[in-house]
């Protein structure tokens, strides 16, 4: 069993700074995502770009020195919208990742401590996970109404059950470990066991999982906005640019091309980070990631043979 | 063995896919006119739904007592003739002989009475004019109408309109539907519905027992017998797909094309592109919510501060497809005078607007402009408007919803301050939706209500025109909503299509197919 | 085996109950309702309320849930608010294009992945192997709707090879029908082609390392035959699993693809139902997709259990 090696929190972090610096994929991935985030944070105010300023008389102008990425169907500067879209997408994905991780960890650990609670919580998780994720996100987004925080809630509801399942599995395994059993025998309170012993040891599985969620959140936002149920327009987001671009795909294909490129580059960056993190967390799987035969991001959660999420 | 089968399958698929890319497109079918419309309307019951497309598609199936020719004069329809009493309160319609519904039942006065009573109690124009009217059947071919007071536009209201036409259905279908919308589409019209795949297409066939209205075809009047045998209406939600399907020859006619593709399609000399007046674009204020727009200065500030050309360019792209219009009625409705105020009103006076805003006491309170992306022209207009209003110093936030949420939000009087309304043209100004006191956000003004009440009793067109001028003056002084202009619907057709006429929408039975 | 099957199926009951509640409350909580949609843009509030009452839209939540769920239990999914069509009939007719698309996409994924994955394993760490790894990485990072749009621009808008969108029944006119399905198939299938290529490569590698292949080799079986006949066949289990799971997600993933290509499949049915707040249709379609999804999961489990008894035993302990 994999968990038998993990006795303390430290044991799950082999290497430290040096192995991080040697991990090329992690560094490249972080570099890619970091520069997108940096560009989104700095460039708009530096270049004086306004993603909302319309100019209908100059609509659908191809890329030029004045408008590096051209203008969209309302004459808005596409470069400005791409950068603002990056900010929207990254903020949303970060929020979704944080909240689903927080809720997932809390639910997962709680479930592992009480059988009745476990039954209830896991049935709810199973139910939510049984509905294909994109459909659930679509239905939730339509229900809550289009606005940024509602979208955040909707995607959190979609992604948290998966994390809860994963964490619960890990926590259950940890509970039978000797160091936890010892703590129980010494009369340590449940809360203390959860916080001091269980929580640090689920962080390693969590680290890899959250990069998936981050990438999935980026893609889900784009897909939902593309279907008209995501970030409410005219707020710029990559999905909204795709939505607008699709209607003028024959006249201004560059809109779709730029937005697609942004999404793909971000997902590649996140894939590299998650590959790198896995190496860091669990060096035995350093073998080329191809062999895991597993998609880096999915719209849909799959379950392994024993009902646990893969 | 598992793998061999799949390898073979792979080879087969590859072999199949290769030549497919070079096969020509589906050729047009003989005798069938294929028309692409947008998303299927949720209901085709013109008595119930206010959606114009539902009404204009349904007119291939359903008919009315009277019709309008190309010059908008009243002509006979299912009623062969009629007599009006001297006081203008009693109408006696004689029904055409031999008319049969598509299910084979003959048209009787009872069907007409049942239909028009239902229409009079559920549709907006029906309730407007006929809520106290009495319809009765006499003998085998007479229907009479008794009105409490005379009206100048009784017959026009019974003729085909852009929304909620007074169509005649069998009394049995109406009884079966009760107050719900009818789902059985049985009429007397030139086409009979033979296959309907919900949200995909409707297959219609020339009705062999059709009774012609006689005379030369003109507008919706005259002989409407189609010269081709089948009509297929395809519901294609995505507008880009409609325009591409037209250029690849899948559709003979594509309606409501994206404004952006018009120029592209026009370069193709196997196609013709044209347009017809669609509706008006207005900026509405919410009078049911207390706020800055209770002050006339604030409304005037918006009226003179915005730049309409840019708004309409965003909405309809090409000046061919939009017009400024400061009047209540559409420009093509020539019977209504345009001598009050300027037609192309667009001062775009930012400074004066800012002064007026200051005078109104506006202090930067947040305002919400609601819109929906499901109507692209309204949405694009709203985006430009929001930017312009912010430029005037109004703190406007744009909220965009899907259609369902939008209509719900609009009905919530506290949820919004501004709305971009696309109003459909109406036969008389009091039916305009942005003047209806029960419509969300519309002002309750004594002067307006007085004029509307007087209009109800206008028995001659001269009186009606006089009231219209008063209404126009009130509209331009009070600024109940900001008039921006009118936009068109663009349609395209292949060279195979000839003779197509338009009245509110395409009149599909006027087409001759050149094969 | 029977008890294991029953146990797996029994575990679905509470899940489906939760699913039905979630679906139902979501549908009802969504703003707007079918009455407003039917009445159109210029309807007055009085008429809306009247129609809502007639349609039973103002009844309490529990009454409506019980009315619906009791129908569902008896196999009746209800009738659409917008036509006289029963939900079951609508699902049936819209499922055909979706199933065609899913089958084509899976066939395409298999056609690509089995030869490529096997050869990548055969020539491990070669240039070919790395090229395949790169290809699958790209396949996995392109969301299917992004890929769709790129393919539309390249193959339809620029090269005019294929129709931009639309659907023709392939049973009516096979060549025209297939022609319309090429782009959707490519955009939907590529991600699964990548997943399957990785699975095939990994599974074949596992088998290649095993001892009995050495035995076969020593008997003088040729390397290529060894690879395709022995190795691939024994690597079948994980591949079948992946196919089953991919197929389930394909059906749901078709929502976006169908909406881009205007295919009248189950996805378009669902999107239209959401837009119009056609509750019976919306609930029926989501329930149907969820059941297929869960059903395929169970089948995959059972296939595993059939082949590997250890799964059956350990399966009991986990729940």
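Note that the chains are named A, B and C in the order they appear, and that numbering of residues resets to 1 at the start of each chain.
Simple rule for what comes next: a contact is a pair of C-beta atoms (placed from the backbone, for glycine too) under 8 Å apart; a residue touches a chain by one contact, two chains touch by 3 or more.
Not measured: the values here are computed from a predicted model.
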Comparison of A-C and A-B (more C-beta pairs in contact): A-C
Identity of the most central chain, Cα criterion: C
Geometric centre distance via CA averages, chain C-chain B, whole Å: 39
Where chain A and chain B are represented by their mean Cα positions, the distance between them in whole Å: 45
Approximate Å spacing (C-alpha centroids) for the pair chain A, chain C: 22
Set of chain C residues in contact with two or more other chains: 30-31
Residues of chain B touching at least two other chains: 240, 244, 374, 401-402, 405
Touching two or more other chains - residue numbers and ranges from chain A: 142, 145, 229, 246, 249-250
Partner chain B, residues of chain C touching it in the complex: 30-34, 36-48, 50-51, 54-55, 80, 82-85, 90, 93, 104, 107-108, 110-112, 114-115, 155-156, 161-166, 168, 173, 175-176, 178-179, 182, 228-229, 232-233, 236, 262, 264, 268-269, 272, 275-277
Residues of chain B defined as touching chain C within the complex: 1-3, 6-7, 9-11, 13-14, 16-17, 19-23, 25-26, 39, 41-43, 48-51, 54, 122, 124, 163, 178-181, 183, 197-200, 236-238, 240-241, 244-245, 248, 250, 374, 401-409, 411, 422-424, 433, 436, 438-440
Residues on chain C engaged by chain A in the complex (per definition of touch): 11, 14-19, 21-23, 26-27, 29-31, 132-133, 136-137, 140-143, 145-146, 149-150, 152-153, 157-158, 191, 194-195, 198-203, 205, 238, 242, 245, 248-249, 252-253, 255-256, 259-260, 270-271, 274, 282, 286, 289-290, 293-294, 297, 300-301, 304, 311, 314-315, 318-319
Interface residues, chain A side, partner chain B - complex: 52-54, 56-57, 59-60, 73-75, 142, 145-146, 228-229, 232-234, 246-251
Complex contact set, residues of chain A against chain C: 123-124, 126-128, 130-132, 134-136, 138-140, 142-143, 145, 219, 222-223, 226-227, 229, 242, 245-246, 249-250, 253, 256-257, 260, 263-264, 267-268, 271, 288, 290-300, 302-303, 305-308
